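Below you'll find the structures, each written out as structure tokens.
Two complexes follow with subunit A in common, the first pairing it with subunit B and the second with subunit C.
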Partner chain A sequence: MPDDKDREKHEIFEELRADPRYHDFVRGCLNCGVCTGWCPSHRFFDYAPRIVIQNCLAGEDRVYGMMGEYIWACAQCFSCAMVCPFNNNPGGVVAILREIAVRRGMMSAKRVLKPYSRVLLKVMTFGNQVSPDMIQPDFFPDWGPKIPWAQEDLELKRQAIPVPTLRTVESAWKVAESTMNELYTINKEAGIFDLVEVNDPGLAEVIEDDVQDKVAAYLAEEAKKE
Partner chain B sequence: MSEAVLIIGGGPAGLAAAASLADLGVEAVLVEKEPELGGTPKKYAYSKLVPDLRPAQETLAPLVQRVQGREGLRVLTDARPTAVSGKAGDFKVRLAGPAGEEELSAGAIIVATGFEHFDARRDTKYGYGIYPDVVDIRDMERMLSEPQLKRPSDGQVPQRVGFILCVGSRDRMVGNTYCSRVCCSVCCVQAIEVKEKNPSAEVYIFYMDIRTYGLLENLYWEAQEEHGVLFVKGRVGEILPRDGQLMVKGEDTLLRGPFEVPFDLMVLASGMEPGEGTVQVAELLNLAREPNGFLAPRDSHTAPLEAAVEGVFLAGADLAPKFSDDAVAEGAGAAVRAAAFLRSRAGR
Partner chain C sequence: MITDLARMRVPSRKAPGKKPFPFHEELLELGEKGEVIVIPIKEENRPVEVECLDGRKKRIPTNKLWHHKSCGQCGNIPGYPASIMWFMNRFGLEYLDETNQTSCTAWNYHGSGTSNVLALAAVASRNFHRAYETGYYPLIHCGTSFGNYKEMRNLLVEHKELRDEVRKIMHKLGRELVLPEEIVHYSEWLHVMRHDIAKLRTQDVSQVVTTVHPACHTWKMIPEDYIYDTDVYGGRRPAPTTSVLLALGAQVADYSTWNDCCGFGFRHILTEREFSRSFAVNRKIKPMVEEAHSDVCVTQDTGCTTTLDKCQWIGRAHGMKYELPVMADVQFAALACGADPFKLVQLVWHTAEWRPLLEKMGIDWRKYEGEYKEYLEKLRSGAQPESLYELKVE
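Let's turn to the complex of A and B:
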């Protein structure tokens, strides 16, 4: 097992350095800390953009050490890149490392993505992130005491919105079948389905079934027209 | 053919060049665009100068005195060159001055056009120009020239004073990657002056590293050992106003980690850039500039005070950031090179 871990550590470091963005993102560092001084995540988490750059310069052990919760603490606001006197981009390094974590289906990626499975399902089947029927007290407690009211007679309320495409509750607006077909093709060809499969096989199956049904219905409809 | 030397710029370098030419018996004309001689130290009323913390007035006065009433030396203030033609040995220079335009001939030209402070508004992190109690070292020199240090917003004596080094220097984000060389020492001196005026003040210097180079290291030691100035490694990320004070956010990268502490007055060590006069004269004389915009010598090892254009000599902070004592030495050096140049041509 230690061999596997060493190999993974080494491979991740090599993947990072082979990324075409890496050498624009990591140039040099004098430990001035101006990035951390700006960093909003640093105020709430054990995370500092200066450490991200220092870890890259220190080598594979340090980079591997960031692959757990560390890289997910960044808010991806890129303030660090805006102020760095060397023109480093610590947030950009985090983006590369997150991509690596997702591609490899690492535990931290799975854990972080889990709460988003509902959103992911929505995005990949409808192309919207949040639909009216998702807005329920359990999931949006921060939206306040009006949430239960919003859910009463939801379909009727939605119909009151004058824009015809909004008369739907399971997506933010009515998405045409042709659009869903295109979306499915893009997700498939770009390898997004593969990434979901690696990180959440159960979710991937649900999405695949749903999309297949919709696409089949769409194709049948098209065939009928001809 | 002309035997005279035109000196452009009446700061420390130009004054030293003019005085040296008068000493050598070489005819010269000194042209200064400001109404008074003394250059940037005079214009911004510098307080105390590195290395020995002597008042700027005390060091500038003898330099100015040495060019007054000298035989063969004309001094023109409020004047600047507007056109140059001809070549080495016989430059034709058009000058615009308070008495109107005039044309004169010069065998050689010494360019001592100096520097300008970096405009700290270009580094938007610190709110210079927005918050009155964020000042730069140029403002601070003027403030320290007064008997008591008061902060601009309400005239109160600041109890917590912070200095931020490398503002406008060593920073790709503002476009200046060079070290301005003087600011570390200047800030140590200013911090000492703050403590001298108000010993109960708490004074911090935020640094990336301290470049009180060469013999100036003692300033950095003295600031700590004799005046209790505190040094924090970390470049401040942001300054925001809060309850009549300045909230300063940053990371102490050595020891204490993140900080967010109130200050009464923040001083930005705005670096040095080629002055407006330097840029104009470079265009007039077709002088080469190095990548940061300063004037480039013909050969920095063997001809450090000569331009690639024959008959043009360079001195002072238009070549690179430097202290006034170095500028004075270069002014004298350029004068010798110009005099030798004219003599070699006369003998030809």
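Let's turn to the complex of A and C:
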């Protein structure tokens, strides 16, 4: 009888191989290491795109071994894919494995997503991923003394931008409520809210409440127009 | 021998070992079958034909464009999109910038894995349908959106199941499955407009040494769908960005790590910046300064501009006191063509010191700074801001 860990290993490997991109991404490997030579993450982490492909070819045990911190080291630049003489795409494999880790609520995903919650909150509630009011000095002290300047009188400085859609601080550009409502529908239909729920129920609740409020306000506005 | 090699022209180019997916023919075929609505490039878009990596001809629309904005550009490099629109105004070109656009959400996907192909493809189709219904052709500002949309287009063309799933979502939105005939990055627009841009030049930039950082998601993701030109590095490197600098008469200096990524890493820049700043300073800024003696690092994407600019200051902790200004190609071009560095190019948001560069370009930054400060005070007193266009609100 396979134990839970064996079952998980097997399922993860099957989920990886069932992804329609997998057979485009893993085609064979000469072990030449050109991908690793181009890899930025390899210079600073215990990570190599050559190993990613070798592990896929070796089977479920080795793939399972990457589901911790390993897959989160990749910078997703796709230098590896650009240079591979076999047309492999190790960065693409990592993207699939990260999806699997998130979908299954694995510990590595939860750990990685925790400090990432601000971005998730922005993208799911405002329709874009970074906003002027996120660049706070206490969060980016290593970016130097000009960051506090930028945050001072932020609203006024954003008003001075000659692109009218950019005169906002809570989002990168003003996103129409109808458009946010569409993004909400896409995320709902594609199961993205479920992914957040599995990994960070508290965040999921905040997002859901915020989005529901915005949708309700939008629908009320639409009803008034009719 | 080395000089001969460097000067050699490459008649046909290809990514090593890559067999490009013939998306264009298959996309048009799907369009004819009614499987997908294809946004055509029309005469009114005034297309210019160029060559891609594998020699395929790609038409770049130059007029009547729908601005698909970038989260990071709009969020913290606002002079980036402003410079694109400023050039369009200078050329009298038609465009539409509006609030009915969502993020492509790919930064989130590559950073956190909290998305999937269905959502990414549906977002792509949603934004393309919006552009389609306005009658404007989408121009993608962000390198990551550009790479992601190229990937989603290929997946949608290849996989009927995905098309069916996305179409279902589109119908819930009251939309259809739409893909443009070509997915076009603003740097490609800048490339085909470079000679017209050069005619607007007001500043002598011949003494300015530039170093180019080509963005990974423009030329490494779906590499066959990006412009190469035998006049730029003999066709061995991506043409956009370098080409506009050459057209303006600036010096473009080579450096050993030109092909490295910037260190952005999507999640690293936000939550593991030890990597981003170490990589950016050691692998990019240091060679640009020490090997190439660069006056400015010129970029073509959102994350790279942010990473290379913002990561320099912390280098002081290790005695690496670099101050290499970082800006997008279109911002540099706007400066060379007389744009206001404060009100238009919005260099105030950039971190690494850029004033010495402006002096080298013959730009009196003190005058512009004074005017900017006065402008802020006027706005504070309730004056209406100056705009590149009038926003249409539905």
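Assume the second predicted complex is superposed on the first by the 220 of 226 C-alpha atoms of A that agree within 3 Å, B and C clash if a C-alpha of one lies under 4 Å from a C-alpha of the other, contacts with A are read in each partner's own complex, and residues count from 1 in each chain.
Just so it is clear, contacts are C-beta pairs under 8 Å (C-beta built on N, C-alpha and C of every residue); 3 or more make two chains touch, one makes a residue touch a chain.
Computed from a prediction, not measured in an experiment: that's the story for all the values here.
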| item | value |
| --- | --- |
| Touched partner set for A:82, first subunit B, second subunit C, both or neither | both |
| First (subunit B), second (subunit C), both or neither touched by A:43 | both |
| Contacts of A:98 with subunit B and subunit C, given as first, second, both or neither | second |
| Greater residue coverage of subunit A in the superposed arrangement, subunit B or subunit C | C |
| Partner chain(s) touched by A:31 [first = subunit B, second = subunit C, both, neither] | first |
| First, second, both or neither for A:190, with subunit B first and subunit C second | second |
| Contacts of A:151 with subunit B and subunit C, given as first, second, both or neither | neither |
| First, second, both or neither for A:136, with subunit B first and subunit C second | neither |
| Set intersection of subunit A contacts, subunit C complex versus subunit B complex | 38, 43, 82-87 |
| Touch list for subunit A against partner subunit B, complex | 30-39, 42-43, 48, 50, 82-87 |
| Touching residues (chain side subunit A, partner subunit C) in the complex | 20-21, 38, 40-41, 43-45, 72, 75-79, 81-87, 95, 98-99, 101-102, 109, 112-113, 115-116, 118-120, 123, 127-132, 134-135, 140, 142-147, 150, 153, 156-167, 172-176, 178-180, 182-183, 185-187, 189-192, 195-196, 199 |
| Residue numbers on subunit B that touch subunit A, as the complex places them | 125, 166, 170-173, 208-209, 233-238, 249-253, 258 |
| Footprint of subunit A on subunit C - complex, ascending | 15-19, 69-76, 78, 81-82, 85-86, 97-103, 105, 107-119, 122-123, 126, 130, 147, 155, 159, 161-162, 168-169, 172-173, 216-217, 219-221, 223, 259-261, 263-268, 270-271, 273-275, 277-279, 283, 310-314, 343-344, 346, 348-349, 351, 372, 375-376, 379-380, 385-391, 394 |
